[in-house]
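A short worksheet on the structure shown next.
Chain naming follows the written order as A, B, C, D, E, F, G, H, I, J, K and L, and within any one chain the residues start at number 1.
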Amino acid sequence: MAGHVYNVTEIVGTSPESSDDAVKNAIAEASRTLRNLDWFEVQSIRGHLEDGYVADWQVTIKIGFRHEK
Amino acid sequence: MAGHVYNVTEIVGTSPESSDDAVKNAIAEASRTLRNLDWFEVQSIRGHLEDGYVADWQVTIKIGFRHEK
Amino acid sequence: MAGHVYNVTEIVGTSPESSDDAVKNAIAEASRTLRNLDWFEVQSIRGHLEDGYVADWQVTIKIGFRHEK
Amino acid sequence: MAGHVYNVTEIVGTSPESSDDAVKNAIAEASRTLRNLDWFEVQSIRGHLEDGYVADWQVTIKIGFRHEK
Amino acid sequence: MAGHVYNVTEIVGTSPESSDDAVKNAIAEASRTLRNLDWFEVQSIRGHLEDGYVADWQVTIKIGFRHEK
Amino acid sequence: MAGHVYNVTEIVGTSPESSDDAVKNAIAEASRTLRNLDWFEVQSIRGHLEDGYVADWQVTIKIGFRHEK
Amino acid sequence: MAGHVYNVTEIVGTSPESSDDAVKNAIAEASRTLRNLDWFEVQSIRGHLEDGYVADWQVTIKIGFRHEK
Amino acid sequence: MAGHVYNVTEIVGTSPESSDDAVKNAIAEASRTLRNLDWFEVQSIRGHLEDGYVADWQVTIKIGFRHEK
Amino acid sequence: MAGHVYNVTEIVGTSPESSDDAVKNAIAEASRTLRNLDWFEVQSIRGHLEDGYVADWQVTIKIGFRHEK
Amino acid sequence: MAGHVYNVTEIVGTSPESSDDAVKNAIAEASRTLRNLDWFEVQSIRGHLEDGYVADWQVTIKIGFRHEK
Amino acid sequence: MAGHVYNVTEIVGTSPESSDDAVKNAIAEASRTLRNLDWFEVQSIRGHLEDGYVADWQVTIKIGFRHEK
Amino acid sequence: MAGHVYNVTEIVGTSPESSDDAVKNAIAEASRTLRNLDWFEVQSIRGHLEDGYVADWQVTIKIGFRHEK
């Protein structure tokens, strides 16, 4: 990471499929507007229930991206 | 959520398959006796090991369900 | 508290008015089915937003009540 | 929340009136520049004291808003 | 734990004798109404003071018990 | 805050009225014996229940005050 | 607790005997200079080791005492 | 667990596939040098991003193993 | 802080020199694009190691800045 | 502690007798293979239940020991 | 620490120079009125910003001092 | 980090000079017996006081190192 500054942003990704998929969806959306994505860290794993099933996994992550000079 | 009161209960689901599956098993069991399940949040992800393998994923979740009036 | 055992239950109260009001609604609902309510502690203060306003305060509390012998 | 991605931003609202009012001021300011505000969660409740009185309530909240596609 | 689902309940036991005794009292009371108690975990150790002595140890624990099928 | 040292003290204020009022009562009492009160931060919001109502809000705060030279 | 204000002080009690004894020693010392001690809460349980044995249990507690008017 | 002593070690497993897979890789590596692995608990779920994708899931776990006498 | 609203942003500064220097680098970079920076708080102090030395201090901070009206 | 470096290891001691005894068993076992044990800190107090009784106290501690030069 | 009781007090030291210096200033001020200072622990590292620079490091510490008999 | 497994060890470094120096001393000692040190993270910053001065900075860190295949 030498010499760099990184910004950290918090995003909630959702997916009807899996918790990992919710993470990937958050990152895919972030990569549309931010460059130099470097790492992520899961903050919480939640979900919405309907009729006794997981309708949506909701995973909050922090994403770090390198500040361009 | 307007005008409602929700109860929160803590459950540990287990599965030999995956962490997501342990969550689903906890919710499936809860839905047999509780109605109006609304959301869940993962509290911890643990597991039991046997012979160097994950014999059981054990995921503790909180489940929120709407109090019927 | 001498000689007693207490149960702790987690409840989410909601209110369009205020955070304190959401706490009171949770306790009012709990007191309909539980006796000997003794104390509460706020766990989190959240809310739902609509059109840039707080549509609902959602306050999660733990309530302790004395186990009757 | 199905199929959506949410951004989370952290804001400190202040008010000489009350802690709830500080939350509302933070949300009112956020709604001037952000759309689709969906939820908030209180992070900390602090305040500035002058002459032995609360001159300002300072409430830090996280606000979640839906990412428009 | 293979194939099982566990419920977790929170209880405060009290005892004028010791912190361990407060834990045991909580478990003894829980075992009167719940079956298949499996584990506990201490959440907090508090107490009530009278005349400069510990009148009551108050220990909050979580108890996990197996859900019978 | 340049050049100063601050002490931090922990106080529990109570009020039958509201959580904000409990904070104000704690600060009012502190200001009777301490000078140069500068800030506070809420640590926990609890309360005592009687007959299914909040008999007393109990709010624990930390108060910072400037050390006089 | 109605109408009262409480101060909270942090103390470390030690004992070669047991963790409970370290708590009691902290309270006994506090009661020599403070009146109206009301409750305590354990913050951490540590100890000093010598020759592979516990030479001293060191238990940090918070003590709440009623502010006299 | 009667009569036993357990050691706890912290390991970071990685995987390009999934978070569960990163856990399994950590355990597989640990089982090459440690015997009597008994349980694990997830500490954090992070990952490295490249070109807007998850190049590596990095899951930190604690592993408990029975001390042989 | 009277009457103001503040935004909070999270940044990771790095430096081969010292942990304080990493903080300063994060703030220097933030001040290039943000005005009215008011305070910061350290979230974590980490670093990258090479050949048994600290190649880079990586300090994550939150920065609060006043929202201009 | 001047001039020294300490290692910290995490151990779970068990005992059918008491929580303090579980701590002592962990330390006794550690002292068989490690020298210069200096301090410990309790991380969690759990236990296994059988027939409504505490079959085993399980206390997780961190132990610090001086690195010999 | 055998046989002693310790008080813990919380102090915020400030310095325009460095985070370590803020710690030292807090301790220097504490040592003017308290005797037998034994240890400190950093609670938070914050600072005030002016014109894009750290005008003041503000470090909150807990200080433990031996209670004289 | 692709394809690797990392071990994490906890060490306390000390220094009469500075908090950063205590970190460096911990890493220097660790590098004498461990290879492939990759990162560290500060867990706590404490110190021993003598005559009102910091006699020793004591910084606890976690160090991650790559497991050699």
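In the analysis below, a residue touches a chain if its C-beta (ideal position, glycine included) is under 8 Å from a C-beta of that chain, and two chains touch if they have at least 3 such contacts.
All figures in this text were calculated on a predicted structure; none of them were measured in a lab.
A.B. asks: Of the pairs I-L, J-L or G-K, which one shares over half of its contact pairs with D-F?
C.D. replies: Same contacts by residue number as D-F, out of I-L, J-L or G-K: I-L.
A.B. asks: Measure off the straight-line distance from the CA centroid of chain C to the CA centroid of chain D, and report it in whole Å.
C.D. replies: 22
A.B. asks: Can you give the whole-Å distance between the Cα centres of chain B and chain D?
C.D. replies: It comes to 30 Å between the two C-alpha centres.
A.B. asks: How many angstrom lie between the centres of chain D and chain I, each centre taken as the mean Cα position?
C.D. replies: 22
A.B. asks: Measuring from the mean C-alpha position of chain E to the mean C-alpha position of chain L, what distance in angstrom results?
C.D. replies: Centre-to-centre distance between chain E and chain L: 38 Å.
A.B. asks: Going by the touch rule set out above, which residues of chain C reach two or more other chains?
C.D. replies: Touching at least two other chains: 9-10, 19-20, 30, 48.
A.B. asks: Run through the chains and report each pair that touches.
C.D. replies: A-B, A-D, A-H, A-I, B-C, B-E, B-H, C-D, C-E, C-F, D-F, D-I, E-G, E-J, F-G, F-K, G-J, G-K, H-J, H-L, I-K, I-L, J-L, K-L
A.B. asks: Any idea which chain A residues touch chain B in the complex?
C.D. replies: Its residues touching chain B are 18-20, 44-49, 52-54, 57.
A.B. asks: Note which residues of chain A are touching chain I in the complex, please.
C.D. replies: The contact residues of chain A facing chain I are 1-10, 62, 64, 67.
A.B. asks: Touching chain C in the complex: which residues of chain D?
C.D. replies: Going by the criterion above, the answer is residues 19-20, 23-24, 27-28, 30-31, 37-42, 63.
A.B. asks: Applying the document's contact rule, which stretches of chain I touch chain A when the two form their complex?
C.D. replies: Against chain A, the touching part of chain I is residues 9-14, 16, 25-26, 29, 48, 55-56, 58, 60.
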